[in-house]
Amino acid sequence: MAWTRDQMVARAALELQDGFYVNLGIGIPTLVSNHIPPSMDVTLQSENGMLGVGPFPFEGEEDPDLINAGKQTVTALPRTSYFDSATSFAMIRGGHIDLAILGGMQVAENGDLANWLVPGKMVKGPGGAMDLVVGVKRVVVVMEQMMKEESKLVRRCTLPLTGQGCVHRLITDLGVIDIGNGGFMLKELAEGVTVEQMKKSTAADLKIGL
Amino acid sequence: MNKICSSAAEALKGALRDNMVIAAGGFGLCGIPEHCITAIRESGVKGLTVISNNAGVDGFGLGVLLESGQVKKMISSYVGENKFFAELYLSGKLEVEFTPQGTLAERLRAGGAGIPAFYTRTTAGTDLAKGKETRVFDGKPYVMELGLKADLAVVKAWKGDKEGNLIYRKTARNFNPLCAAAAPITVAEVEELVETGALDASFIHTPGIFVQRIFQGDRFDKRIEQRTLRKRG
Amino acid sequence: MNKICSSAAEALKGALRDNMVIAAGGFGLCGIPEHCITAIRESGVKGLTVISNNAGVDGFGLGVLLESGQVKKMISSYVGENKFFAELYLSGKLEVEFTPQGTLAERLRAGGAGIPAFYTRTTAGTDLAKGKETRVFDGKPYVMELGLKADLAVVKAWKGDKEGNLIYRKTARNFNPLCAAAAPITVAEVEELVETGALDASFIHTPGIFVQRIFQGDRFDKRIEQRTLRKRG
Amino acid sequence: MAWTRDQMVARAALELQDGFYVNLGIGIPTLVSNHIPPSMDVTLQSENGMLGVGPFPFEGEEDPDLINAGKQTVTALPRTSYFDSATSFAMIRGGHIDLAILGGMQVAENGDLANWLVPGKMVKGPGGAMDLVVGVKRVVVVMEQMMKEESKLVRRCTLPLTGQGCVHRLITDLGVIDIGNGGFMLKELAEGVTVEQMKKSTAADLKIGL
């Protein structure tokens, strides 16, 4: 047993706090926006130049001039502001964003993150991820724990790094793992997942901090 | 000084040459100078280095310049939407300088602002920092990045006046103002050319000093890359 | 998260301490946060380092904090209008870090944008470059300047909403947006506090993320420093 | 005989060209705006954040939110745009301004300019001058040739520099002098001024290029 993608995303939403400015990465992290409690005041930043990202539009209301960093059509909110890319990354690099929730391909026990390149195979580019991981106050990675038969939680990343020592917390389909001085520290298990299973699915030491 | 042109072809006349560096605004297909891209394609100019956050998609945006073989090198942050790009790159037919999005934005801004270099935490300790100077500030490593200038910038705005003052609409702003300031010749295509004085002076995004030529595009395609909807009810 | 305060005193509550660094917007007396300056004076906080392009005039603007002896150091570009300032400086009672106006603006922007240092031609070969690193780019000497951050920023805008989104009027913008981004706590005083949504999202000068507290000033003095007129007819 | 202040300023206005973006320094240079030919399209920049500076206002129309870099009340034009100080100096430092006309206290034959500080006496600060002299494409200095009994045209500046080798042309009450590889080069004499008088009023070599 493990968390479904939706459960992972719901768990990731618990990282949000009232008043937070948050950047959600492309893909699974974007889904976190569906789980923001209505009572909570969270402002989403999209690095293409928007603060206060609203929900997807209803059919017929989509606007080609209004997209998020994943190039998806979105809507505005009363609080929304638009700005150029330099200002957007001034926010990010300058430490003004409270939380980034990003996807990952590998996370190492020293907090290194790889999520932008598989040499010779995948060529997409770093996008805004490299700026987000060094600039945002807290970085949470949401990803499946295993890639085929291999754990994505490793001693040292073998894929090219996105950032060094930048990940604070990992949310996978198996549970929640923090990264501290000593490496991976298990904080929560998904329903039905055992410590043993979590250890097997981690290609590095795992301290238990449940 | 007349900045107004009747078309992209006229606006780009005399401004194109082989092996030049062109900065192009836009994020994905949002806010791209589509008329200028078409005119560049039709001009046949080649060996281009193009600075643009993305490379369009197959068959639209900068993708058309890749397909026509006019581009030698891209300086971009993300090209995940373009399959032909990946083929060209992986087969060694296209040179790519991957630059993180925030570093790309800041390098263009620096280029336009007379800043030859600056330091950023971004890429420190990664492959993209290889060959670059690093330096420690407050105990943390930073990478020196160089300002980026182009020979020509092509940008797309919502409205512009005859002085070249521009305003952009919503997220179609993105890299456009940065590109406009980073080249000695900037060509702006606008959806609506208005009389000087029609734009509110306190809300001009790109002051006219950064724009040398301007024209009203006759029809904008403005394609949507990811039409993502929510259900009613 | 409620950012709205009823007064400058409430907005600055808990944000002031001796020997802190405060960045203050304004150019001359244009666009200065006059209510915050009064509240800082009344708080009695001392040993301040103030980053501001100018130092007000005798009896108004930052001049009042100089007269009350609360300022230890100014980081400014031009102080020609303030006689008391000159006395304090020439008698060694006030420390001054003269920073060219463009360098001051860029240092504040860099501080807010996570750029620890950048290079500029400005001051190369002058006394103001002494003790600073210089470096040659493209055959010309450049000076390394450090990003500038404050503990607190006080800014003045024309209109602001409850999220802290700000717009400025005409040349009263100047250093205000740069100061707002260069401090972890920014207090904005506005002439008019409007409902969220009343400002056009494409024309917001300072997005709310840069503003932590906001209040509507009850009356703005808005003095004119050089009333210069032309004759009718 | 020599040029009056108004004649100096009128001569300085001949430096303007159609389509130019121009920054006029505080004081005498500001007066150049009175001499722009109506047929010429010149846009004035003021470094406090304005492009398209209009004339002084009529009485009753002055606006405390609308001033130039000299803190004088001004007006807007249809072409006007406002921006923050960082953008303003991006224009200046980035080489987007065609011409700056500035005041001076000393100009040296190598093009060095001093105009911001008299140690122990005058304390005003550099303002925007140090950025203007390095960033603007062409720098013209307008000043009286003599200060009391001393020439302000010198071999080397004794006052603290504003910028190194930055002045292209000097317009004084006695005439027009260019600065090139070889030092000062006399280009024009004011009405009634002799070469001899100009040489006496220059504390450095003066080539004659009339």
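Each chain gets a letter, A, B, C and D, in the order it is written, and its residues are counted from 1.
Everything below uses one rule, namely that contacts are C-beta pairs under 8 Å (C-beta built on N, C-alpha and C of every residue); 3 or more make two chains touch, one makes a residue touch a chain.
All figures in this text were calculated on a predicted structure; none of them were measured in a lab.
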(request) Could you tell me which chains are in contact with chain C and with chain D alike? (result) B
(message) Based on mean C-alpha positions, I'd like to know which chain lies farthest from chain C.
(response) A
(request) Quick one: report the Å distance separating chain A from chain D, using the average Cα coordinate of each chain. (result) 54
(message) Taking the mean of the C-alpha atoms as each chain's centre, how many Å separate chain B from chain D?
(response) 36
(request) Could you put a whole-Å number on the gap between the CA centroids of chain B and chain C? (result) 32
(message) Residues of chain C that contact two or more other chains, please.
(response) 106, 109, 113-115, 120-121, 168-170, 173, 201-202
(request) Enumerate the residues of chain A that touch no fewer than two other chains. (result) 76, 82-83, 86, 89, 92-93, 134-135
(request) May I ask you to sort the chain touch graph into line, ring, star, complete or other? (result) other
(message) Can you give me every chain pair that touches, using the contact definition above?
(response) A-B, A-C, B-C, B-D, C-D
(request) Provide the residue numbers of chain B that touch chain C in the complex, in ascending order. (result) 106, 110, 113-121, 135, 137-138, 142, 167-170, 173, 200-203
(message) If we count contacts the way the header does, which residues on chain A are in touch with chain C in the complex?
(response) 18-19, 21, 41, 43, 45, 51-52, 76, 78-83, 86-87, 89-97, 134-135
(message) Applying the document's contact rule, which stretches of chain C touch chain A when the two form their complex?
(response) 1, 109, 111-115, 161, 163, 165, 181, 195-197, 201-202, 204, 207-210
(message) With touch defined as at the start, can you tell me which chain B residues reach chain A in the complex?
(response) 27-31, 53, 76-81, 85-86, 89-90, 96, 98, 100-106, 108-109, 120-128, 158, 168-178, 205, 222-232
(request) Could you pull out which chain D residues touch chain C in their complex? (result) 46-50, 55-59, 62-68, 70-74, 76, 82-86, 88-89, 92-93, 120, 123-131, 134-135, 160-165
